[in-house]
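Heads up, the next two complexes both have chain A, just with different partners, chain B and then chain C.
The block that comes next holds the complex of A and B.
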């Protein structure tokens, strides 16, 4: 019941804040109250569902649409996803209020608050829907709400372009999902999820088609390479708190969709696993490589979403492998890794996007080369972003490591089902992703927050208001908490994974007991690192005994260094971008200084997206050129067009004869 | 008796072995070059001297710069609890091998961040090279771990590096030894990847990242690097040692560490470092060898 209350509060808040949009103060108050109350009611619903253990009876109401019903319920997977949605939306929404007020251009836009609440409500409905029509309805609502949030700053041409691209991609995906659910509904005779799951016949003949449709529909939303094309355009276009929700939650709906579909089908054939593992490896390595080539902070973070979706896809694929080979332990490990990484990525990526918003406001640009030394001028934002950067690099003692560790364990278990090649692909990919992610985040963080300020804006930057810092601190605290004490979260994750595998939660908990206690030890060793570090700090203080002095950084004998002497982010990434240049297609344009008194010299580098800029745009323009030839036939004269109609009719007549 | 040996083994391995190994490498190189060389314990004297000094910090730096040395040393200390040294490791569970590898990544992360904190061009250059090369060394290390894990049936360092018999294991072991040795040279900044004795900042990798550290901080960094060398060498040694009682195990481990140090010294005396642009090729070759070893085990 709390669930319906939560969704109603959010929807009512959306309507009320839209009606009062002319009075920003009132609209803001309504936004805050309905967001907080809605999220609290949602948390209460999750708690109530957890207490009853079995899936809550849910809420079912007839709906006038054919074969549709308004049926909501919270099983383990839904409640876990709802937890992610509400947690991130609450933090991002509170941050967003302060963020909007701090920006002159955003505070003039009235649609952000209602759309944000609408997005939160539709996301909640997506994960709680137990009927395909309701699911698709909510899915479409979510797509539209996010589309309008992407284009709020539509005075910039690149924002309109990104919005259009997102619109095309999301609707291509929805089209695939319509067909997918139509096929399922036809085979099962009902569109209720429980009904489909109960009577679904084995889909051996159809499963290739189902995978293709799911890959387009859910994979497009999640951002599996090569369908990720909208991510790196749309994430930088929207306001930062919306980017946080887009990257942290909206793309995870694709992962939720996959898990729900696997639950519906109760079993998947072998090749699903192969496709998902390969897609995961390609997305993971490709995402992090393209991230290395970026200078725009939000574009870099968007490519990292592709990378993390890749890690999640690896877990999903390994889980599918376990299902198809009837190895419940492997299935549980794979799905647990994927589900936990979904949560972890939601936490640290939304934290990074919220941080990027603060940096963007302070610097006036998203270019990381314009930063420098922000750890001194914006200590809190920088310190919190450091935690997120370490977590996303998959370093212990943070949460990112725990989920990557689970996916590693799943990969190693793969050998027991005789799929050595998949194991090698997934382990190699994970290791490479880990190393490259570390390189990429040291690059971005080093250029932005460390060293000497490179611009005047960086020198005068200040931390944002506490209303923006507190949500970030909460997300950071969760990252550290899960890293040090993964037990409680793992219990929820294992329950959700057990649901996907169709196992009772007790059996699942028993079969993963060893892994969970291993995860506790991982957390304990993380705590050990912190304690040892603290001891060493104490030891150093004793040894130094106050003999502290300050000097300038060693400049190899040069005594008047400037900020421009620092290593730039581009040069930092150069060794790696050069090694991987066949994949990246890294482009540089340089005009070197010449003559005795060189005047101008410049150097720019950029790495365009391989799929979008390297394939789809040329393909699109080739198609347009081809079709332009037919344009000549379109003279606009009525006589000609009537002639065409007549010829066409004659042709049909001839064919019929 | 066994417990006493085990308890005694940790201070010896973690406090004494690192400087002695570094000293042995230097001594070997000196002897090969026909010089007398500094005493074997010279690195230990250096560390003690550094610990007695005060600290100088650049005015550019923040707490990040001070965090680097302590966290990197703490990370290798905790990694040593997972590694099988003279006996069974202190803490052992399925999946500890991954944690072991990632604790080194934690050390690298903070060292690189501390280097970037100085705002020095040279330290940025070193950090850039360090992350580039280590992101290629990491797959080689983890794929090697994978093939050992499949052979022993568990992703647990104690099992993976336990003695393993059978002729089919020999080919795999040789590949693993080769890959691990290359990774060891790369991760511990030895020739042919990096030259610890170079005097030109432009050509350094690891050394240049710690240019601005001094006093106890530098001592922490040097000792941490030494422990990392000892831990990775100990894994190599454990791979070829048979099962034996703790006292003998400690003795043979220390002897083995000495042999690895001499081997590193001989490698450093016999070849020059490769050009920077060639280093990725060397590491990719190591990745290929590791993948081949994995395939051999999985067959």
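The block that comes next holds the complex of A and C.
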């Protein structure tokens, strides 16, 4: 079976590249071969699964752990998720090889290659596992592999801090999942997914608890609004190609977990829908608002991940609403939107992160204010990033639009089941997110790639090697392809969504046929608008050729313009950040110039995270202060510690007897 | 045979009490050796079907290890670190003895309520093992010298061995693992811990180990 082959190749590659880590050339070759072969085998498995239909028996083998079995299978949801994983990991891995070689500090670190392969393998196992123990095992392996990838550059204190935060968050999540599956297993008497699904009645008493646990466990990984705290720290900390996988794939495992859980439970009560829609609205608007306040490119992108997870959660919530109201067309629309956006976000966000890696190498910093004019010096990276930025902002002929369109349609049909308020929340949130995301990406892209260079590094920046550009171009091509011809991908998406809803895929495909053609039409119109614009520009150039002279960008008619005339990223975003400052807690420190010959003036602004810096840190230090009082009571003598242990043991013994 | 095993068990408890009330370190080690020998003889006396070669082997191993090897190592250790020969208890000897007596009573009460294991001929095995464990703990808690704590740990460990003996004929390897644990203790505790305490603090008194509070 190709799936097992794929996972074994990846694991063997991880081991081999770890053993040969002292010889970078050999290790790199092993990495490339095993990644490509593993991903090809995985694609073959998906193709084979698609031909055989969902009844493929899968691979089952006994495992020595109690009530665990090594059972893998590829249903529509698994194979779609596997497609995302392998596609993004392949592109990011190939990019990463060149990226590691180009960076002096990263090329010294030997652990990146084996960990990357291990992460790819564990991600594949997560989506193919059909047993709760195997799922948790792979989940934990994935968490640990990504944790070690986050801290590869552990000489920086903020990287260590990010790693620690990620470690705490991911383990809190795993704890919740452990309890979740324990409850499900107790109710069903088995830990095999198929077994749980077979006996699962719609349990109303338990479902509130299950939702809470899933929200902590899967929501922590996905980055739902109040639990997103690790995202904006961990994504900037890791190497860019790892950030791409983290943001594109790893956080999507939370979404996959939610979908798998809904599949397991067969039906959900309608408060799940309300919770998910509200969480989606808060994450979406909050994520994009905090992104507006950032200057660090990767931190900005990390907040955009929160935003996109919000859109996905909106889709999930609307799908749940359809399930609980027994409206299959609404459920299909919502889940399809969520699943397709999962793929789309994986494509354009990983492309953006790969681009940010190229920018970071060229500029030597992640601060977007250090850029400027990169469209001229790094044309390929800039153009590809522009495409991804347009896609993430949901502009028509690109893929981001198609999935947001589906979520919009789901929101509109929500009104017909009598949940007008939810429809209003969802539509309002989507509209606000779309507008703010566009503002944020014009800010980031404008500051980095347009105008004139602000620093020497930006002036001498060059495009990276083709090994880095080709994976980015492949991702960009996919973005355009899905935007213009959503049909083939939508068929897969609808199959996965039908699986989650428990519907036969044929009826599901029929009921969404109209939607698909609508999306294509809008895509075609969008492409037409862009082509017309391009044609007009071309025509203007042709007509005014030789009669126009162009001055310096932002020259403003001065004889000696400087780069500091330009809008900075923060000044561009200022109107919006000021409007939303009660939410953002945007902090500025300025010393304004005074006198006729002002000596120095400065202006800095930053927006700390509301949940992490505004709530958890004060809470943590209050706790530490409280506990410091107890510390004084402690003598530290070994004997006292033993006495406490002995007393505790005796009490337990006496209590149990 | 039954009377003999009862006698040995009573001797084990009595020796543990003696350890609680004794002030001389060398004396303590000798008493510990005696207790170890008693424990070594025990597997021979409690078997249901008479002797078995396996039990004989076990008895021989325990007898040598607990009766000779461990005490020899301990004696070597106190000679090496030139320890003063008195104990410095945190709880006085009389009080320790009284607490020990109370613990013996408590362990009989607890053992009464424990689900009794099948195949244990001597009803005193469980209460005696509990009492030995508790007195070992008491010794570790109430004494300050590291060597005395090791002696306390060994008494504690003897109690665990006794408990294991109760099920020796159902799961024989359990008790053999216990023997291995003893070897481990001999090597680990004496070799490493004492040397390290002495090197780090120029004394083997755990009084200086109060840095644990941070």
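Rule of thumb we're sticking to: the second predicted complex is superposed on the first by the 603 of 657 C-alpha atoms of A that agree within 3 Å, B and C clash if a C-alpha of one lies under 4 Å from a C-alpha of the other, contacts with A are read in each partner's own complex, and residues count from 1 in each chain.
Definition applied: a residue touches a chain if its C-beta (ideal position, glycine included) is under 8 Å from a C-beta of that chain, and two chains touch if they have at least 3 such contacts.
Values in this document were obtained by computation on a predicted structure and should not be read as measured data.
Q: Looking at the overlay, does A:641 come into contact with chain B only (first), chain C only (second), both, or neither?
A: After superposition on chain A, A:641 lies in contact with chain C alone.
Q: Would you check which partner chain A:194 touches, where first means chain B only, second means chain C only, and both and neither mean what they say?
A: A:194 contacts neither chain B nor chain C.
Q: Contact-wise, after the overlay, does A:21 reach chain B, chain C, both or neither (first, second, both, neither)?
A: Once the two structures are laid over each other on A, A:21 reaches no partner at all.
Q: When both complexes are superposed, which of chain B and chain C contacts more residues belonging to chain A?
A: The partner with more contacted residues on chain A is B.
Q: Once the structures are superposed on A, label A:653 by its partner contacts, choosing first (chain B), second (chain C), both or neither.
A: It touches chain C, and chain B stays clear.
Q: Which partner does A:467 reach: the first (chain B), the second (chain C), both, or neither?
A: neither
Q: May I ask you to decide whether A:208 touches chain B, chain C, both, or neither, giving the answer as first, second, both or neither?
A: Once the two structures are laid over each other on A, A:208 reaches no partner at all.
Q: Classify the contacts of A:424 with the two partner chains as first (chain B alone), second (chain C alone), both, or neither.
A: Once the two structures are laid over each other on A, A:424 reaches chain B alone.
Q: Going by the contact rule set out above, which residues of chain B touch chain A in the complex?
A: Residue list for chain B touching chain A: 51-62, 64, 66-67, 69-71, 73-75, 77-78, 81-82, 91, 93-96, 98-99, 102-103, 105-106, 108-109, 112-113, 116-125, 127-129, 131-139, 141-143, 146, 149-150, 155, 201, 211-212, 215-217, 220, 276-277, 280, 287, 291, 294-295, 298-299.
Q: Give the list of chain A residues in touch with chain B in this complex.
A: 372-373, 375-376, 386, 390, 393-396, 401, 405, 408-409, 411-412, 415, 420, 423-424, 427-428, 430-432, 434-436, 438-439, 442-443, 445-446, 450-452, 514-515, 517-518, 521-522, 525, 528-530, 532-533, 536-537, 539-540, 543-545, 547-556, 561, 563, 565-567, 571-576, 578-579
Q: Along chain A, where are the residues that touch chain C in the complex?
A: Touch residues, chain A against chain C: 631, 634-639, 641-643, 646, 650, 653-654, 657.
Q: Mind listing the chain C positions that touch chain A in their complex?
A: Going through chain C, the ones touching chain A are 90, 110, 113-114, 134, 137-138, 140-144, 149, 206, 209-214.
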